[in-house]
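One structure is given below, encoded as structure tokens.
Going by the order they are written in, the chains are A, B and C; count residues from 1 in each one.
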Amino acid sequence: MAEPRAIHRRLNVRLWLGGSWIGLLFFCAIFAGALAPHDRLAQDLMLQTLPPAWIDGAEPGYYLGTDSLGRDILARILYATRPALIVAIVASSAACAFGSLLGLMAGFFGGWTDRVISRLVDIWMAFPPVLLSILLVAVMGPGLSSVIIAIAVIDWTRFCRVVRAEAMQQRRMDYVDSAKAMGYGTGRIMAREVLPNVLPAILVLFSLEMGIAVIVEAILSFVNLSISTDDPTWGSMIAEGRSIVHQAWWVLVFPLLCLFLTVLAFSQFGEGLKERFDPVMR
Amino acid sequence: MRGDFGTSISLRESVTEVVFGRLPATLELAFLALAIAVALGGANAILAALWRGTATEAGVDLFNGVTLSIPDFLWGLIFILLFGVAIPIFDISGRVSPTLELPFVTPFFLIESLVRLRGDLFLDLLGHMIMPAMALALPLAAVVSQILKTSLKEAMHQDYALIARTKGFSETYVLWREALRNAVTPSLTVIGVQFTFLLGGTVIVERLFSYEGLGNLAIDAVINRDLPLIQGIVLLFAVLFVGINLTVDLCTVALNPRLRHG
Amino acid sequence: MSAPFLEIDRLSVRLRRGGAGRLLRQVSIAVAPGEVHGLVGESGAGKSMIGRAIFGILPRAVEVIEGAVRLGGTDLFALSDRRRRRLVGVTASLIPQDPLTALNPSKRIEVQMTDRLTKILGLTGAAARARALGLLEEVHIQDPARVFRSYPHELSGGMRQRVLIASAFAAEPRLIVADEPTTALDVTVQKQILKLIAEMQRRHGTALLFVTHNLGVVAKICQRVSVLYAGKIVEQTDVATLFAAPAHAYTRALMAATPRYDRPDESLAPVRPEVIEALAREIAASDADWREARLARGEGRA
């Protein structure tokens, strides 16, 4: 009685498109040196705020134009993929590791462990994330590591909730009982039996979290609380672009576009993963 | 704990005065955003529920998916480019045009402009507020829409909705007069929580639009390491959140007769 | 027999995207003014679908293939949505199965009883209230004013069903469809409610289509009966004949399976497989005939 076309044959557009953009980002990050036509830090006050190549008044070689200090926007955008991806990966991993561990414990052990951890999560989630991250970074001093720590500290609850729910479900299943009957220790059961079943949910969340991390980093560098050197980030480029948007729109548009596409890519990739792991749920 | 929060280091004024001086601007912005979100989200939830199973519903789902996945920060930037630069309709900075003379006695500019029947001022204020409010509103609108749509569809399937139709009432009537009040109650808690997120979002959105509110002040305070000011702002936000949760609880009880008798 | 008030004329209904089987197979039922007509069948036989067709609330997934439903001579399917709604709202009422879910939990009883009277029937607020209160007394509710002010969850199941019965009669309809009105109630309350419905019907002279799976109930209050199996009427006659000399094997099997309070020691006989098989053949045969006839007339998919 099933439809003649199998569901999972349909091309998972989100997965592929999202994945392609993410792959492109990694490529740019790794090969930024080779790809960038100019030095990302080189200022040239003779070439301030020049428009992109297809507009009158552009300087050849500066394809996306220059900013108010004469720096090449394309080069800066390419190099900016590095802090974005570093933050995305490291912060998400930290949040994931911490949150998943607590979630596993809460879901698997139940009782007091669960109660304490759940309470903690509830209280934590009541704080507005942006305000909290700004506070944390201000306290720790600006810089990429502060940003990473702040994101991990704020967003671990996301993983904890989901993993706890999954773990609770899995704990009730028969294979856990049989593992216990065979005498396996709790740690081993959690790692060997429960974790693999929880993994799909974690992966989906990880992808979404990377998008969130990129945004938070952008916001923090927008308010000047991220990297303190001249090294470009999309956030700081957007901040500069915002202040001269009426005179030189390109300084805002291109980093914004990259940020936008990156956030979209991570969230769609996550949705695509969800579809891939759970075709029944459509 | 004393009643006053001391003096702001960076501004050299009483923290209480500064904070309460800026609070109304943020409140006006947040509530404008809330109104937009409820109107927009509610309207398309009702639309999707009335035309459930058709392309309209699919369209609404798509719209919600898109608006939800883009954070308020990005929406703000997009609006700046679209309606501030590309098609310059709105102003992208500040709360009000600097050239205007302001006769206000309270910091509630928008409300006062209405009370004083100063349409010109009202429009100018609104023109400055509409983009940050929209940026804040869109993600909330998506949540409102999703939650309300699901609740509405469920309510329309209940027996009392079917009975109402046998009495001779149209589906539109049944949705508005029978289903809606039952659909709103379960949605309230979620909307309340999301509204607190919206309040948190004012921090960066106000900064983006140079809007002179509490959120913008918070960033300055943090950058300047103005501890007394930071304390005052954080506490005020905390009070606001508690207040919102309380209001939501009260509304839930008011709307659901089953909860009233303990 | 005078002209029927409710006339269901060879109504066939099926799932829009479903398989070949119909949910209702050329159902024809005629209910005269003031008549109490029983509609008997097991779960899934299609009894509710008939009620829904009358009131125009068929599920979206279901479509009418052919046939007509007439109220007072007017074909409902020939009317626009608006006019059909009005006609049904003015002339017919439903007594539903589950009194808990049939009442809106966030509206007071008063509103739920009077909304139709004021908005569809055009009574004034005062007249509507007076009529509703009067009916609450008719259904033996002790303190009508208090019930009026109450919310559904404050009343017992039996009380709620009384309210629903009062509501149904308040519109002074010419037809009432009672959809298994006692099934969701306690056994002790079932008898009372049944008596009440019979009493109200006698007093108001309303035509009543009584949908049930219980032959015992039919025996008590119905004048004529239609027996439904898999969407097809397999027997249709007056009550006396049905119980004295049932024509169809299925009816006989149903009666044998019904517990009899006056003969509690008799064991229940389940419906024998041969009967079911015979029914399946009968239905398949009539389906085939129907499809051929349609193809011959050049109508739609088989």
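Quick note on the criterion: a residue touches a chain if its C-beta (ideal position, glycine included) is under 8 Å from a C-beta of that chain, and two chains touch if they have at least 3 such contacts.
Remember, predicted model here, so these are calculated numbers, not experimental data.
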From chain A, the most remote chain by mean C-alpha position: C
Chain centroid nearest the full-protein CA centroid: B
Inter-chain centre distance, chain B versus chain C - centres from mean C-alpha coordinates, in Å: 49
Inter-chain centre distance, chain A versus chain B - centres from mean C-alpha coordinates, in Å: 26
Separation of chain A from chain C, taking each centre as the mean of its C-alpha atoms, in whole Å: 59
Where chain B touches two or more other chains, by residue: none
Interfacial residue positions of chain B with respect to chain A in the complex: 69-71, 73-74, 77-78, 80-81, 84-85, 92, 196-197, 199-201, 203-204, 207-208, 215, 218-219, 222-223, 225, 230, 234, 237, 241
Partner chain B, residues of chain C touching it in the complex: 55-57, 60, 81-82, 85-86, 88-90, 92-94, 96, 98, 101-107, 115-116, 119-120, 151, 153, 171
List of chain B residues in touch with chain C within their complex: 53, 158-160, 162-170, 177-178, 181-182, 185, 255-258
Contacting residues of chain A [partner chain B, same complex]: 126-131, 134-135, 138, 215, 218-219, 222-225, 238, 242, 245-246, 249, 252-253, 256, 259-260, 263-264, 267-268
